[in-house]
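Two complexes come next, and they have one chain in common, chain A, joined by chain B in the first and chain C in the second.
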Partner chain A sequence: MEYLIGVLLPQLVHGLVFGAALGLLALGLTVIFGLLGVMNFAHGELYMLGAYVGIAVIGVTRSFWVALVAAPLLVGVVGALTEVAALRPLYRRPPLYGLILTFGLALVFREAARQVWGGDMRRVQPPITGSTPLLGMTYPNYRLFLLAVSCVLLLAIWLFFTRTRAGIVVRAAVEDAEMLDGLGVDVRRVFTLTFAGSAALAALAGLLLAPVFTVYPQMGVEMILLAFIVVILGGMGSMGGSVVAAFVIGIAQSLLTLWLNPQRVAIAIFALMILVLIVRPRGFFGREGVLE
Partner chain B sequence: MTKLLSLVTVALLVAGWAASPATAQQKVVKIGDLGSKVGVFEGYGKYQTMAMQLAVEELNARGGVLGHRIEMISEDDDTKPAPAVRKAEKLILQDDVKLLVGAVSSGATMAVMDVTRKHKVIHWNSVSCAEFMRTTKFHRYYFSNQPDSRMQANGLAKYILDRMGKRVYIFYTDYAMGQSDGRQFKTALEKLGGEVVGVAGAPLDTKDFSPWFGAINQANPDVLFLAFAGTDSLRLMTQLHSFGMTKKYKLAGIDCFLLQQDLPAIAEPMEGFVQLAHFSPYNPDRHMQAFNARFKKRFGVDANIMAGAYDGVMFWAAAAEKAKSFDADRLVPLLEGMCLDDTHIGRQCIRKEDHQVVMDMHLYRVQKGKNVPIATVSGQDTIGEPLVGKDPVAGFTWEIKKKN
Partner chain C sequence: MSRLGGRPALLAFALLALLPLTPWMSKYALLLAFDALLFGAVAMSLDLLMGYTGLVSFGHAAFFGLGAYASAVLLQRGVLSLWLGLGAAALAVGLYALVVAYFATARRGIYFALLTLIFAEVVYTFFRYTQTFGGSDGIQGLPAFELLPGVALDTPARNYYLVLGYLALAWAACRTLVGSHFGKVLVAIRENEERARFLGYSVQRYKMVVCVVSALLAGLGGALYPGRAAYATPDLLLWTVSGELIIMVMIGGLGTLAGPVVGGVFFVLLQEKVSSYVDWYFLVVGLVLVAIVLFMPRGLVGLVDGLRPRPGTSRLGARRAAA
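For the complex of A and B:
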């Protein structure tokens, strides 16, 4: 019992916090995949840009909260411009074109950030300080805030896609864009706004996690691998699956650290993914026909 | 008319060629700068390049080496052994560098040592600190002025036991450098009667260190010894601070934990952090101040521990001038035992047996974002006996010896 309360439960909380933040990042990735059929390799860089733009806004306004609104909006604009200028001409081409393009965009964004902000690490002060006694340890209030805000955002996104007309239009575009176009909906606009929304979501995750993980040009590369695992595990294109998979990966990583050395934890995460894919080849909630 | 135009054109081209820098200047000798230029150790690689650049510019201003202008070629090794080997071979075989400085990460440096041994090129290490480089991996073309794990542990363990506490938890980055630092520190501390109450390794580039914090808190040490570097250190300190652990435990760590430039951004979590290092721009030592003034004048920023790369170029140039040759086999005997007075910290001498520079170091404590010296440790007290060809970790175990 002491082990459960003193060791396992704190690890579980760490895993939940990490999983929730990972879910935010992976959700944008999975929506873009479902809609455009493109694995967006630049998604990690949009996450990174969110943090850097956030720092720039904080520098001007001295407010993390203003940055939390402004940075996703600004990166969302970058996302919209990227979709219109670069991705749109490739929609009728095989998926490989989009893959290569986004890979190139990732390099461009990363090096642009390095040129503008330099390669040095930057730290963002958490807007909420202090800590709360929790399960025998002192838990930072900002992490609890992160868990709460991530869960609220995930719920809001779910409500958007299931309860609003705009959300239903996006889901319809995911199912059959041509049919939607035939029904008179401006599908190109839907694509642009969805890509912008996905970029904004990545930026929001980047800034929310900045006080925990610090900020540097490579930060997106390192997170995107885990986000890809989440998307594959959850089922390509499945939003609910991504959220579940993000929590599974976050908690598994946190708990396995107790018993395995770090390299083996990384191997175990991949083993978990392989195991799930053997039992459920489409991931937790993957749809028939996606990547088949 | 056409003929005249052709003649004028040819004459102009010849005149332009004759006046071009390539022909107007002397012969060129190339040196290689290999290290992490992006990623977790980016800062170290960047300052290594700057330190070497300063040395190259100073030497070229004096006429170069043996009448040759020095040209530096920089390569990024991606902080990994395999690319480091590829880039080292490119520098040696394609660019024909006569000196190779690098890499930054210990794993990459050890891999590059095989290349420099094979191609007989002078190899200078000024930041990697794994204990194998001057022992089992040692070769005659390898030299170092970076205090390795054993030197740092020897100097730091005693201070920690005397001034900070006897119960220590070792938390390290789980690859060559961190493992080496952890091993050597555990060995040194236990030898002096200290108690290691726990050890844990986190992989390079760990995002969230909090899963390890429970174990540290359970062990309840007096001191937390941290063997991390680069972005890992910054993240770790940010997270330790948010969990209240920077106030709860006394903190100590390795010399390359964070560069001086990183400290102001993380001043509060780092307050009181103790480390052993050879340089700080806040050390009043006149040699350090003189070097730092030149560095700052050239680059507009303070120097840091990567200044050791400057000395690597200077030692090589001095040996080449003395040998009147760039041939590595003629330079090695001259470098062995060589002393230079005007390095970034004053006098440095290369020990003949293992090609390690013997240097006095300082214990530094971080105060308001500055590495402030608190004590001097003699180089002779830290360097330890030469162990060329011997296993420096023979009999070592990570096992925790419980004390009653």
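For the complex of A and C:
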């Protein structure tokens, strides 16, 4: 019981918190994959930009909350511009080109960030301090806030995709963009706005996690692989699957660190993914459907 | 003779062989030329998969880096023979490649790419955190190879000729392979996997063989690296290196063999030249890559037939088929 409350439970909640934030990151990735058939390698850099733009906004306004609104919007604009300027010309080409293009964009974003903000590690002060007694342990308030915000956002995204016309149009575009085009929807605008939204989500995840992790130009590289794993585990193009898989990976990772060193944890997660790819490549929920 | 590229290739190799004799090739320039030719050759090995078989390997750095570690471990233990280093690299990379190829070739498209990527990350993580192999510092301060007992490859010029010889042999091997019946079957698989299967070819076996051959070529190239650099670090195995190799192939032109060599040389020189003037060279490299994808999809040399969607399927359709 001591062990349960003192060790297992905090780690479990850590996993939930991390999983929820990872879910935000993976959702954008999986929607873009559904739309463009491209694994967006620059997604991790949009996540990184979110943290840095957030820091810049905090520097000007002295408010984390303003940054939490402004940074996703600004990065969303970057995403929209990127889509129009670089990705749009590639829609008629095989997906490999998109993959390589986003790899190039990732290099550009990462290096630009290093030039503008420097290469050293930065920390963001959590806007909420203190901790709360919870189930016999005390837990930092900011992490609880992070968990709550992420869950509310995930719920809001789910409502958007199931209850609003715009959300249904995006799902239709994921399903069959040509058909949607034939039905008179401006598919190009849908693509641009979806990409912008996905970028904004990544930026939000970046800034939300900034007080928990450190901020540095390479931070996206490490997250993006995990996000890929989540997307594949959940089933490519399946948003519900991504969220479930994000929690699975988040919890698995934080629980495994109790018994294994980080190297073994990473290898265990890779092994899990190799297994999924071999045995069930469409992941947990990957069929044609988008929201299971 | 035409199978091996004919006169243009012979001329190119002759000129490359004369290069160290020219007065402006400093030691620094020779080492740069070593890197350029080495990565050109490794990119060429990747082209066997990407260009000819239509398989995008996102884990080629692991083959290269594993080869480098294999020979570095021997050098560190005082085994200086180049041939033993190459043998160890071939053994290690061959076994690893068999495992990867067995699982990865069972899947197609993006799943193949991701499986190779994840396997490579396992190797990276292993070397990055294993203290026996120096952890994140890698294996440093290695001596030079010996071609024969007492004949050390300890000057830039000797190393340059070593890598040139490797490039020539790899070139001959790739040309022979591509020109053979085997190579034609690979192209058939690239163009239409189902049809190749219906014609009675064991598609997966062909894919496995070409994966292992490509990996071995990359691994042997990697084995040469510690002899020149005196180190092997986990950074050689990082997935971004795999990405850079793909970039080299794309810059040069898919499915041309000569193109990726040119692409590799171009990439190494670009990175070196730009980084000697500014410290934001990755920005330039990234922009060049974006520009090439957008405006020059056929690369410096080649054609992109293999990656066009099959007739009758849209982009989305092709993706479904791959899934």
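Throughout what follows, the second predicted complex is superposed on the first by the 278 of 292 C-alpha atoms of A that agree within 3 Å, B and C clash if a C-alpha of one lies under 4 Å from a C-alpha of the other, contacts with A are read in each partner's own complex, and residues count from 1 in each chain.
One rule holds in what follows: a residue touches a chain if its C-beta (ideal position, glycine included) is under 8 Å from a C-beta of that chain, and two chains touch if they have at least 3 such contacts.
On a predicted model such as this, the values are computed, not experimentally measured, just so you know.
*Asks:* Evaluate whether chain B and chain C can sit on chain A together after superposition, giving fit or clash.
*Replies:* Aligned through their shared chain, the two binders clash on chain A.
*Asks:* Quick check for you: in the superposed arrangement, does A:Ala106 touch first (chain B), second (chain C), both or neither?
*Replies:* The second partner, chain C, only.
*Asks:* First (chain B), second (chain C), both or neither: which does A:Ala266 touch?
*Replies:* both
*Asks:* In the superposed arrangement, which partner chain does A:Ile274 touch: chain B (first), chain C (second), both, or neither?
*Replies:* After superposing on A, A:Ile274 lies in contact with chain C but is clear of chain B.
*Asks:* May I ask you to decide whether A:Arg92 touches chain B, chain C, both, or neither, giving the answer as first, second, both or neither?
*Replies:* The answer is second: A:Arg92 touches chain C but not chain B.
*Asks:* So, does A:Phe228 touch the first partner chain B, the second partner chain C, both, or neither?
*Replies:* second
*Asks:* Is A:Gly182 touching the first partner chain B, the second partner chain C, both, or neither of them?
*Replies:* neither
*Asks:* Which partner reaches more residues of chain A, chain B or chain C?
*Replies:* Of chain B and chain C, the partner in contact with more residues of chain A is C.
*Asks:* Taking the options 110-118, 146-154 or 182-190, which segment of chain B carries the C-alpha atoms that clash with chain C in the overlay?
*Replies:* Among 110-118, 146-154 or 182-190, only one stretch of chain B overlaps chain C, namely 110-118.
*Asks:* For chain A, what residues appear in both contact lists, the one with chain B and the one with chain C?
*Replies:* 114, 261-263, 266
*Asks:* For a test of understanding, state which residues of chain C touch chain A in their complex under the given definition.
*Replies:* Within the complex, chain C contacts chain A at residues 56, 103, 106-107, 110-111, 113-115, 117-119, 121-122, 125-126, 128-130, 239-240, 243, 246-247, 250, 280-283, 285-290, 293-294, 297, 307-309, 314-316, 318-319, 323.
*Asks:* So in the complex, the part of chain A that touches chain B is made up of which residues?
*Replies:* 6-7, 10-11, 14-15, 18, 114, 119-123, 126, 131, 137-140, 142-143, 211-214, 216-218, 222-223, 253-254, 257-258, 261-263, 265-266
*Asks:* Help me check something: in the complex, which residues belonging to chain B touch chain A?
*Replies:* Spelled out, the residues of chain B in touch with chain A are 38-40, 42-43, 46, 174, 201-203, 205-208, 210-214, 217-218, 230-231, 234-235, 238-239, 242-244, 261-262, 265-266.
*Asks:* Spell out the part of chain A that touches chain C in their complex, as residue ranges.
*Replies:* 37, 39, 41, 86, 89-97, 99-101, 103-108, 110-112, 114-115, 176-178, 221, 225, 228-229, 232, 236, 261-263, 266-267, 270-271, 273-274, 277-278, 281-282, 286
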